[in-house]
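A, B, C and D label the chains in the order they appear, each numbered from 1.
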Amino acid sequence: MSKKANITNRKTIQIEWGDCDPAQIVHYPRYLAYFDACTTALFKKAGLSKRQMPNTHQIVGIPLVDLRASFKAPTRFSDTVVVESEITEWRRSSFCVRHRLFNKHVLAVECFEIRVWAVTSEADPDQIESKPVPREVIEMFSAEHNHRPAHQKSRRKKR
Amino acid sequence: MSKKANITNRKTIQIEWGDCDPAQIVHYPRYLAYFDACTTALFKKAGLSKRQMPNTHQIVGIPLVDLRASFKAPTRFSDTVVVESEITEWRRSSFCVRHRLFNKHVLAVECFEIRVWAVTSEADPDQIESKPVPREVIEMFSAEHNHRPAHQKSRRKKR
Amino acid sequence: MSKKANITNRKTIQIEWGDCDPAQIVHYPRYLAYFDACTTALFKKAGLSKRQMPNTHQIVGIPLVDLRASFKAPTRFSDTVVVESEITEWRRSSFCVRHRLFNKHVLAVECFEIRVWAVTSEADPDQIESKPVPREVIEMFSAEHNHRPAHQKSRRKKR
Amino acid sequence: MSKKANITNRKTIQIEWGDCDPAQIVHYPRYLAYFDACTTALFKKAGLSKRQMPNTHQIVGIPLVDLRASFKAPTRFSDTVVVESEITEWRRSSFCVRHRLFNKHVLAVECFEIRVWAVTSEADPDQIESKPVPREVIEMFSAEHNHRPAHQKSRRKKR
């Protein structure tokens, strides 16, 4: 499966007063909160509910282990921005999510998250450990997989 | 037990850049986050660890049910403020915590929280219900109780 | 003008993972951040942009001076809630905004904000002081005023 | 001036309930808020007040342009952590700040920030542009500069 085939999620975010700091721009930790929500939305678009994944996929979650972000232009209160999110790489037990935040079509922030497919450690239940991402999960992010007729998708989501 | 006898906790808080909004003042939801931490600190001073209370007192927590706050003067980035917290009233299954935030000895924010002593409902484990606050918990907030010699207090805390 | 005549804004909010705490419910200061954004949205619906009001109405803002909130039911990650906001009372230099947050049609949180119409003090430019709310501002929140044909409203908004 | 010579700031942070998410660990955007405050504290230790720098150094600030962070171990509510911050590299108009967050002496999070020395653009007052970091600013972070006898330093800080 090529990178190109991956689905992309677009999330529209209204910049709120409380997200901005005395310099009149978004306080950058808020961008990371946006992006965390965007990863959740990307998984939801693929049919994977973060809330249900502990039951449906026996994982504790997809914790972040590594983060890179570039802040190219500021965004301000009352701006409406769009974040495009997609998985750019699948590794054995981890994957890379790229978020690009656009303000009036200009790339303002770019972020790369490395997350792991995490389960409770069998050796020590207080620890978590990574596990290979199941093939069927990866396939759910394939754009082709998601181009099936809408009625099939909606049935799948309801299961 | 009179009100006067209750212990008071004083917490010093440094106002951070990220707590302030484009009007150059603390964005008020942050005050509520401060006060939540101040209630935790008040309980800790009384010998009650929020983290341990599910084990030591079989409760799910002390959730907030009612909040009142008055914002009398702004505080700004790099201000150092002091929050004085105390329990002003014990009711049957709930209690009132008062927080007063002082900026250079001027009362800037006053807040009253009503919290309940909450346990898992026996009828429905997905619900919580309030329960009478144990007498020994109330006594732990008595100033007199806390005026015992330090070595006794520290022993109690370690249990 | 009666209370009934006031416009109401409805804002749909997706509860995000990062808004929730270890008790699996929304950490209550986040509700106040939601409500602050809801007041902004209510004013926008009335044709008043928080960003533009310093220019259009020569005020520094509409700061909160008093807050009351009741937390009646918890909301959790992935819940979609609706906040209904309206101005319930106009006083001389202040006004009361009521927010009601509904989770699956159940009232989960109710909040009352008292805000003031604030200008820079002429006596001391470092201070702010309240000023009577202009009649034309109050009229913008009248439902009747907003029931005018859409082309009139959009013209007004663009001015 | 070698890297070794730079001053280090140590900031003790109490992990609060509201900083943690339903997985019972710190929600990672909060770490970035901690680190932003740690950079402010590092500058303050060097004698540079973020609040005063617009006046004392004619800059608009030291905005973040690039961020990298590695999350190696979780931290939880009621943990007390220590963040060690230092400038690891001075470039012409930018510099790198490294933060290392330790939980019980174990490195839990490491973060590298690239920040710029930013002034208002002369060509367009709505834009900011970077400017060479003044030599005297760099020298303020030299450990040697700060190794002057304690009574001198404390006197300087109190002025």
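Criterion: a residue touches a chain if its C-beta (ideal position, glycine included) is under 8 Å from a C-beta of that chain, and two chains touch if they have at least 3 such contacts.
These figures come from a predicted structure and were not determined experimentally.
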Practice item. Rotation angle, chain A onto chain D: superpose the C-alpha atoms of these two copies and give the value as a multiple of 5 degrees. Key: 180
**Study point:** Pair of chains joined by more contacts [C-beta pairs], A-B or B-D
**Key:** B-D
Point to revise | Chain of greatest Cα-centre distance to chain D | key: C
Practice item. Between chain B and chain C, tell me the centre distance in angstrom, where each centre is the average of that chain's C-alpha atoms. Key: 28
**Study point:** Centre-of-Cα separation between chain D and chain B, whole angstrom
**Key:** 31
Study note, to complete from the structure: chain A and chain B have mean C-alpha positions lying a whole-number Å distance apart equal to 36
Check your understanding: Tell me, which residues of chain D touch at least two other chains?
Key -> 17-18, 27, 29, 33, 36, 77
**Study point:** Contacting residues of chain A [partner chain B, same complex]
**Key:** 17-18, 20-22, 24, 27, 29, 77
Exercise for review: Could you pull out which chain A residues touch chain C in their complex?
Suggested key: 14, 16-18, 33, 36-37, 40, 49-51, 77-78
Exercise for review: Write out the stretch or stretches of chain B touching chain C in their complex.
Suggested key: 23, 27-30, 32-33, 36, 60-61, 63-72, 74
